[in-house]
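Naming follows writing order (A, B, C and D), and every chain is counted from residue 1.
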Amino acid sequence: MTPLNRNQIAWRAAQDIRDGMLVNLGIGIPSHAADFIPPDRDVFVQSENGIIGCGALAGKAEADSDLVDASSRRITLRPGAAIVDSVASFAMIRGGHIDVTILGAFEVAAKGDLANWDSGVPDKGPLIGGAMDLAACTGEVWVTMEHTTRSGGARLLDACTLKLTAVRCVTRVYTDLAVVEVTPEGFLVHEILPGLSREELQARTGAALRFAPDCRTLEAPPLAAA
Amino acid sequence: MPIDKRVNSTAEALHGVQDGAVVMISGFAGAGFANILIHALAELGPRDLTLVVNSATHPLSRTHELIEAGLVRKVICSAARGRGRDLSPFEKLWKEGRIELECLPQGTFSERIRAGGAGIPAFYTPVGVGTEIEMGREVRRFNGRDCVMEEAIVGDVALVRANVADRYGNLSFRYAQANFGPAMLTACKLAVVEVCEARDEPLPQTAIQMPGSFVDRVFAVGDGVGEGA
Amino acid sequence: MPIDKRVNSTAEALHGVQDGAVVMISGFAGAGFANILIHALAELGPRDLTLVVNSATHPLSRTHELIEAGLVRKVICSAARGRGRDLSPFEKLWKEGRIELECLPQGTFSERIRAGGAGIPAFYTPVGVGTEIEMGREVRRFNGRDCVMEEAIVGDVALVRANVADRYGNLSFRYAQANFGPAMLTACKLAVVEVCEARDEPLPQTAIQMPGSFVDRVFAVGDGVGEGA
Amino acid sequence: MTPLNRNQIAWRAAQDIRDGMLVNLGIGIPSHAADFIPPDRDVFVQSENGIIGCGALAGKAEADSDLVDASSRRITLRPGAAIVDSVASFAMIRGGHIDVTILGAFEVAAKGDLANWDSGVPDKGPLIGGAMDLAACTGEVWVTMEHTTRSGGARLLDACTLKLTAVRCVTRVYTDLAVVEVTPEGFLVHEILPGLSREELQARTGAALRFAPDCRTLEAPPLAAA
């Protein structure tokens, strides 16, 4: 039983991106989902700084300091890309025009609350960025994260302990151990890592899990760690 | 007299900026920092500034020069966390209680600036409901959804980077360079832009991304020098 | 499947528009009327429509065809006065009490549509204070000035005219053709655009005035035929 | 004593447009002011449909149905003109970025209230257009109109009788008989038609007039009637 690595989590989430979607990908694991979108799906990736249609990362020769995504990475544009200013970018986000946003998280509560902007590190300044807008206003909010903290603490909880990003927003969670839907009745597991028992998964989770009748094994191709 | 908004020095560009000014600084993710103007403002040295800037800590922005020089009383932003474990100049002063901080969701930050320029004194948004943003804000339900009321932000001077300007102050931006710039230009009494190139002949109408009627002064810095460290 | 928002007929363009729909129609002062789509909608004949259109009476817009066909229950606009002394089709039905009317200041009209597309449920504006617009509206004072609260307008379908589109729905407009179009495209569930030309190859990024992500369907009508009577 | 004709009223208002101003000109007399701006002043004319920098009316050969002003007139662009959409155009108007708007009016009250959108003609539908936004949010609101109605009724009043466009907004009135400033103390006459006595002007006015210490004669060059 080997938990998925970060690239594999990103891969798994990417398989659920539907053809024609407009998606926003957060920093970290979510950003890698762009690399694993199945090639038969034509997807536009939006970035908060106004890029609609982010392409691959720029090679050294083509890198341009004005062509960046919201994570300050120098990128390229895909065919059909457009660029707007920040006001229009967040009008697009707040107006619900993004189909799905994939975000990293520290904690997710059983009713869908998300904590992903303040890990409680002392002294460091706050960083809200676009997370609250994306979480509060996007129709589907998917979270990719490790199922537990490094010290084994649960991240899927009855109630978040860290500062909230938005309430009742997360619709799905992709972890290294499971794919979990957030339903009005709480967490519903759709996929579980092969070799991991339901009891073991529950033991690593801070809220009651239910299991879908057709709960499957969580599988991903071998991928180098991100 | 034929309109000509081009100025020949940073001194002219920043003339009249005073102690206590609310200064809006554009730029995001490495694109669109008016670093020549920011540096010149730090040298000019007005005190007690309020900065309206998306990030108080972006390493490619010279905003830190204003902070390190002790000119800043308050920052309104969406990001104030430096990279790594060491504290950034902003975080040091903030920890010591020497800079006040208002940290906002980025869409609320940009929309409040836009409202300031568009004559909208306040608006409602669902963003921040149920979070610490809600504290001290009026909450009101529309169509079954709680929203917070957010008020406009206006400023005294905007420092914005663009690519090309003409004598009328019309602007075009490269790629992601615009970001908060257009909104900030509308929200400030004095709108100052640094550009690679400031042309005498007018930009073609189809190339203008920001009408010059929102721009007061244009300073040409030549290609590339305004960007990066 | 490669994205392609181009459709081959007005029937495809308007598929799904139902009785009771809120229909936004762009165009102002003769520029930007999606007259082919408006005409096709009149032939399709959904009833009980609410039109969100700047003018209910502009002679160059085919909006009157929807009105004369008795398909319209309500009009939200900023102008509902026909030219001359004779009553326009709208005015006749309105006088007879057969069409409901909400007439707004044009900036409030456009901003309410923008709010609908931008996730802003309501905002305050000083426009209309002390006039009949104030009736039935909440008045609140900001910075010493009374303002009225205005709520967002959203729609079911937007009918917009642009100049050139690409397969992704990216749009460019000619001169004053854009007017209410971009905002309306953001505020409606179904965003339909008629264009002179719909290209297979993408528009260059610098030529795009409205990102295709706000556009659902594009119908090419050829040069000029959509304009005028 | 010949009252100014409509072109002369427009001319007189145009003389007060200052160099570098951004102005919006309403339908009727105000639109003609564009023709009389002194040539040493570089002025941008904004139109509500998003044109910033209206030029002369288009000749037949250059007329383009997409290049119109808010009055549906086919126009040209001046050098440096820009075009924005309606949302941005009214953000500009509401945000106070227009320096002066010159509007027609039915009535102006001594405290600056303006009535210019509904003349009370029965049966006809309402037409607000951009008048309320322009009147409420522009720093200087100048009115050009005939001093009295066709039947001799006063248009400058203690209080408007027609539906209001905005309150306390008009700063100056240019009529065929006088140039009148709206002050906190009411109407203050700065210029009066030669041959017209102060008493005669007062008799044609529905509110108390005061006269500036340096009150001059109202003069305009001979111009064909508009």
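Simple rule for what comes next: a contact is a pair of C-beta atoms (placed from the backbone, for glycine too) under 8 Å apart; a residue touches a chain by one contact, two chains touch by 3 or more.
Computed from a predicted structure; not experimentally measured.
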Mean-CA-position distance for chain B and chain A (Å): 29
Chain A-chain C separation of Cα centroids, rounded to whole Å: 36
Centroid distance [mean C-alpha coordinates] between chain D and chain A, Å: 56
Residues of chain D touching at least two other chains: 83-84, 91, 93-94, 137
Contacts with 2+ other chains: residues of chain C: 111, 114, 118-120, 125-126, 175, 205
Graph class of chain-chain contacts, one of line, ring, star, complete, other: other
Chains touching one another, given as label pairs in label order: A-B, A-C, B-C, B-D, C-D
Of chain C, residues touching chain D in the complex: 28-32, 54, 56-58, 60, 78-82, 85, 87-88, 90-91, 94-95, 101, 103-108, 110-111, 113-114, 125-133, 163, 174-183, 227-228
Complex interface listing, chain A residues touching chain B: 48-51, 64-72, 74, 83-87, 89-91, 93-94, 113, 123-133, 136-137, 163-168
Contact set on chain A toward chain C in their complex: 19-20, 22, 40-42, 44, 46, 52, 77, 79-84, 91-97, 137
Chain B residues touching chain C - in the complex, by the definition given at the top: 111, 115, 118-126, 142-143, 145, 147, 151, 175, 205-207
Residue numbers on chain B that touch chain D, as the complex places them: 1-3, 114, 116-120, 166-168, 170, 186, 202-203, 205, 208, 211-214
